[in-house]
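The chains carry the letters A, B, C and D, assigned in the order they are written, with residues numbered from 1 in each.
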């Protein structure tokens, strides 16, 4: 029997496979396809202090082996989440993390404070990297001082696992990772979407209502993997890797590069059972490589 | 309950240069109950540049034979490859998705389809007929060569046709057909699927005559199951997902 | 007859389709497949003051709709270029630009000075964005002051068209574009490759000898298009767009976003005739959209 | 002169679980002269995850019938799809690429292949025979089930075999075959293609016995025509492109 469990600081994951915010709803959407309890964790939708309608339609464009989205953090707001969604999902026997977003430091802090009270939510993923909102979002994650500021402020009020989700749209992601580590983050997750754009050559218009949007899916994997590697060489806190992961091999590559766990995003759209297939695939890999624990993979890249 | 299943293509019948009907055989597991207007997210492998699944309406269901039919219009990369799949090949589908059409509170109904929007209306017609309601179809296309499967619709009820170039039926758009030009419409419910401009005109027409109009939207989708929030339509209650709250909406509910 | 010609400052291009450095050799490699004279321009291999052997094998990894390379500027050096290659290619009836690279500002300057003497070379593309060399290269292109420094220094000695090739591995490409515009660049070209990485899950080793490499190909198109759009909104000098262009529609999208011309890179590997097909496709597009000049496309994106 | 042409698959013969021989029919234009050891860059459409062309050796050429054969081993995404192509489908190739094997300055030659490295040796054997030289083949595989097309090689000359498990021929690697264990080899030239460790051993062997050894490298390639500089091998003159200066090199020229 191979051991699939990993530890993200205080979080114990039965396996390293989590789901990425904004791609897995609140988990309920996937109940018909998989056993949610079997996941290492789920990160629910980006949640803000107040409800948000998000951006106008169209919000999606397909790209070569990827997609652009411009959802813009549509969500019911943290109060509604606590009142009506949390009670429905808190029984999941997995780590439920809430992805917290905001336009101001105060909004982040207030939202985090509210979630701090929820017994069955062992951590938050602080989203300082959403490219699809006009204010806040990515702006926090692309400058080191502001990333530090928002992380410290939330750290002051949030007592459980604080994961900070980094933006790839920066010159040095390692520098920002070091910044948020210093500001008290328990872990970092990366990458959020890369800022991209799609144009319809024939109508001569942008495809998305917001002109630019966030790129995700298999296409971004090489960039995400490089960033995980760079961050792993820069920080001591655990790393949750994501960006285009679509198979067990992909997940293993991220772990070899230094990730303790992974999140699966866009690939859920292509196959709603993919998370479970990845867990099974990691198990088979370990068996066929005669390794008894998935922890042996973490940072196990051989570079001579 | 939603499923993800492999189906085998048991027939691939070309209707016109653009349209193909695929008949898909389910495996062992019995087909779930499917409502007219629901759709499937179809995986299209081996189509360069196609990454996401493609939403396609359930065109027809045969529970006895365990078969589903899709009516596919070739419009781009994915549909072009799908329609070329050989008999015997596999198609993976997530289904049945979304909310379908409601049963009417009147027996006087008109089913109006344009382009590939005719697809869900066949199964809807069959369902209505089973419930004692005679469907009447109004089908609009650019030209007669694009009229597909009229015989199948004909088996279920009256079929009226408009073509933009007048090559069949009434010349013009569906809204120009005599059945829509009477002082008092002889139907209380409109079911429609097709190009948005057409559906908007029908919604206005329904408003004006105080009819019920159920429209089926063809918004771009990434997940089809309510997870990504990409497919939204603005409604009286804010943005709603076309894939879970729709694709069928009451036209009055939409912020059109 | 539609007019396909465009102007890049002093450069007159018979059509907007050029080839990207490092993907088209010196043009000769493609002579069996296409009429080189029909191109808008060719940008030859990255050239340095001294010959370079480049990085060790393996230098290439395939990725979803893209590839990573770690060539590392293998080239014969500028003197050898002038002596033996230039005489062979100078008859091409197209704009031949030399892509100039270096490890120090002095190297860039010296190389540019030598190329300044070549009558049939109407311009250089200053490569301050190569991610595959240890010294210099991308380092110049990811910081605004150093991008300005190298551009100014070369501007002082180089009298013909000075195009500066920007790195996408930055927080704000528009800022760097503005910097090099101020420093005297006649045009900017973008994007160079995105820093990425590939791992072989089974051997647990990096695929590339250099661990990380430069990502190119269709996968990067949405990012490249976004950057062209951002730069077009920031500078007045003409822009040459590239990154994943594989069809006439792609090329047109870059022009709509603000590019005056485009470069075709990785797509040449997939079809060595692609440049000519793109030129033909642009012509057909203009005809079917009843436009008489390709110049009407430049910056023609309709955003209401 | 290099070309880019569409070919039609006229036969697809499976040899073993891994190996397939594809016979490709050229179009109108006459086949160019092809040298043994040259290769083609084959486009594989409809294979998810395959973006670049794949280099494959010219396995055989029939100028009269205008046909080229490829011997393809299924090792990954691209080769798996290529070997499933139906007769009648098209394959686009850039060819003939690279420098092939040289004619020997002696009549005593040995052609040593391992894995899919046997592919170019058939055409080489045919070429040698046409030039009055009797080729002798030494083919090494893991197990007898992987031995492919022995009859074709047999038509051209003597065929010797080694298998790692001893299920056919001599047990062991090619270097363990009696023909290589004599005091004085009875050949002056070795032509080889196969796994690099095998070729390195042969190169050493050739050095030791002062023979000529031409090896064909299977480096990863992006362009196949000398434009990308991805496929380099270190040589006495620095890095050289496998696709243009090779794939065949004199083993002494390589910095092994």
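In this section, a contact is a pair of C-beta atoms (placed from the backbone, for glycine too) under 8 Å apart; a residue touches a chain by one contact, two chains touch by 3 or more.
These are the chains along with the protein names UniProt gives them: A, C = Dihydroorotate dehydrogenase; B, D = Dihydroorotate dehydrogenase electron transfer subunit.
All of these numbers come straight from a predicted model, not from anything done at the bench.
Centre-to-centre separation between chain B and chain D, using Cα means, comes to 54 Å.
As a whole-number value, the distance joining the C-alpha centres of chain A (Dihydroorotate dehydrogenase) and chain D reads 47 Å. Centroids built from CA atoms put chain B at 36 Å from chain A (Dihydroorotate dehydrogenase).
For chain D, no residue reaches two or more other chains under the stated contact definition. Touching two or more other chains at once are residues 63-66, 218 of chain C (Dihydroorotate dehydrogenase). Taken as a contact graph, with one node per protein chain and an edge wherever two chains touch, the assembly forms a single closed ring in which every chain touches exactly two others. The list of touching chain pairs reads A-B, A-C, B-D, C-D. For chain D in complex with chain C (Dihydroorotate dehydrogenase), the residues that touch the partner chain are 1-4, 43, 49-53, 94, 219-234, 238-239. The touching residues of chain C (Dihydroorotate dehydrogenase), counted against chain A (Dihydroorotate dehydrogenase) in their complex, run 61, 63-66, 68, 142-143, 169-171, 194-199, 201-206, 211-212, 215, 218-223, 225-226, 229, 244, 249-250, 252-253, 256-257, 285, 289, 300-303. Interface residues of chain D, counted against chain B in their complex, comprise 45-48, 81. Across the complex, chain B is touched by residues 22-25, 29-30, 32-33, 45, 53-54, 56-60, 62-67, 69, 71, 74, 217-218, 266, 268-273 of chain A (Dihydroorotate dehydrogenase).
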